[in-house]
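The first chain written gets the first letter, and so on, giving A, B and C; residue counts start at 1 in each chain.
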Amino acid sequence: MSPAVALLVRDVKLAWREGGAIGVVLGFYLVVVAIMPFGLGPDLNLLARIAPGMLWVALLLAALLSADRIFHNDYEDGTLDVLATGPLPLPLLAAIKSLAHWLTTGVPLALMAPVLGLLLNLPLDAMPLLVATMFAGTPAVSFIAAIGASLTLGLRRSGLLLALLVLPLYVPVLIFGVSTVSMNIVGPGSPWPPFLMLTAISLASIVLAPLAAAAALRTAMR
Amino acid sequence: MISLANPTRFLNLVGAVVPWLAALIVILLGTGLYLAFFVSPPDYQQGETVRIMYVHVPAAWLAMGCFLVIAIAALGTLIWRHPLADVAAKAAAPIGACFTFVALVTGSLWGKPMWGTYWVWDARLTSMLVLFLLYLGLIALWQAIEEPGRAGRAAAILALVGAINIPIIKFSVNWWNTLHQPASVLRVDGPSIDPALLTPLFVMGAAFAALFVLLHLLAMRTEILRRRVRALQQTQVEHAVLAGA
Amino acid sequence: MPLRHRDNDAKRRPASLSKPHPCLKLAEPMQMPSEIALAAHDIACQRGGRTLFEGLSFDLEPGEALLISGPNGAGKTSLLRQIAGLLPLAAGRLGVTGADNDTPVSELCQYVGHLNAIKTSFSVGENLAFWAEFLDADENALPQALAAFGLTPLADLPAGLLSAGQRRKLALSRLFAAPRPVWLLDEPSVALDTVSVELLDAAIRNHLTAGGIAIVSTHVPLKTKFSQEITLGQERSI
């Protein structure tokens, strides 16, 4: 196994083992979506209209909740120091850890979204597109979260600070993710332009975010 | 009860009871399903889909009943400090979550022909969803705390808080629901139910209850064995210390 | 940028050849890129605007060891982290000879710091296997690495069950799981019992015999012959 693959496999295994981290994220997603109708009322037409937005916002919160896992544990127990003396350049290290976060957070959340869509009366034929937008958009979510996680490494109240730093950066993802789905349901226009924008944002984040995260890691390790 | 406090005796008892219980479940479930599918008449309004009730309603009963078991076990943990109480509570939570999930899915499937959509924020289903969330919280708390003693006490406190909250949740959800829409469509397990439907329902209820007891005993056995493995591993580490490793 | 200082040749000594304790089983000396020499020239360290040390130089030939001593807060850990590439040099140069030209110093170093870098939900064996894979080492060395500090019987147990001393030994086993020519040990004997300290001591000597370099910060007297010693927290030390 190459070092990069070894690191990826290890991070995914840790997410499975450490206190059911994946399960908690999925549970959080379910809770956030499930309590919203109590505030809005059970009107199915209203819920269907706002479903894409609610599903996306809840997904961002759930992904953010687990974002400090990307670097925090490795920083606390000294693993990050040894990782840094390894053969991988720091940006690649950050990229692999972001990828592991995507595999253990973005992918399960995207796969769960249709079930929650049922709760919100999202039309069945919108489900494939919903999942597709989430698969396209969640890489950006994980890779940008890694920037926040590395910036807040070892700080007090890092979780809240992380949310404050990163949520504004999610605005474009949210806009294009939600409008792809609602364009498909109510229009106007084709869902393709926002979908392609979303994909572009993800691809750019995959390339650029690890550079920022690596720079932040370097300062955090001093 | 004193004899059951000894885990080894408990394990022996489980071994003795399991085959009989399994046979009982096969008989009850066979009879219940036969009655439900072939004997009981179709509903004059809902037609054949009413048969989903024979799975949905017992699952919902067990979903509630299982939380009651957990709450009683929580009292056992916190007040009587019974050694098997937190094992019982921990083993019951995933089973209860499964029954709740079955109730939610069957309720949703049942609702589809009536409502034209898989989910409506109906008072009963919504309360069931909140119950499911409570179960998830309990399971997550157990997963998050490594030390079994602390995990058991923390989960017991959460279970009691949840048990006290369930009636309040149920009441508020009902109120919320009637505020927004008139009376619920689902009234099959109300007092107006036809006696021809009741017999198969109760047989299925008994079958599900027996199934719960069986699963619960097996899960408790698994949990006891898991703790023994952990204890053995700990002694292995201590022996390694003595051996100078 | 390879560089080599010849100004303190007088301090060079042959590699320590003292025999390990007979009752201690030790892993065979690892293959490593021989003839690695490490030199620091006029390096300085600043933390929080304060200069911890400056003008610090040393020159380590293959098989030589450097002892770093000094009071708490003098910068021992910082110096080790600088050599491991975790902390930038405020001034000066750090260079190696004998390695491929483009190998960074940090990749020649095995750093065992205060923290053990152990995942408690992994087994002892999994922890070591990961480091061997990630640090691109030969996985056939794993049984030896486990045996080096007597962790073989614990290989399948979760690392979370280990005592503080056992965790420290697991961290030190990394030296064998992923052998590298330069060992950077920050208070390696913390939490270790006497027998284990002797094992560690012998392991360092073996490493030096095989042509490795060790830079150690410790308060416990070791039998290892340190060819050089740096005392931090004093004016212009070496």
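Keep this in mind: a contact is a pair of C-beta atoms (placed from the backbone, for glycine too) under 8 Å apart; a residue touches a chain by one contact, two chains touch by 3 or more.
Just so you know, these numbers come straight off a predicted model, no measurement behind them.
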| item | value |
| --- | --- |
| Most distant chain from chain B by Cα centroid | C |
| Leading chain pair when contacts are tallied as C-beta pairs | A-C |
| Chain whose averaged C-alpha position falls nearest the assembly-wide average | A |
| Distance between chain centroids, defined by C-alpha means - chain A, chain C (Å) | 39 |
| For chain B paired with chain C, centre-to-centre distance based on mean C-alpha positions, whole Å | 55 |
| Inter-centroid spacing, chain B versus chain A (mean Cα positions, whole Å) | 32 |
| Touching two or more other chains - residues of chain C | none |
| Set of chain B residues in contact with two or more other chains | 146 |
| Chain A to chain C touching residues, read off their complex | 1-3, 6-7, 10, 13-14, 17-18, 76-79, 81-87, 221-222 |
| Touching residues (chain side chain A, partner chain B) in the complex | 19-20, 23-24, 27, 30-31, 34, 37-38, 41-44, 118-119, 121 |
| Chain C residues within the chain B interface of the complex | 149-151, 153-154, 157-158, 160-163, 165-166, 169, 195 |
| Chain B residues within the chain C interface of the complex | 146, 233-234, 236-237, 240-241, 243-245 |
| Contacting residues of chain B [partner chain A, same complex] | 108, 117-121, 126, 129-130, 133, 136-137, 139-140, 143-144, 146, 173, 176-177, 180-181 |
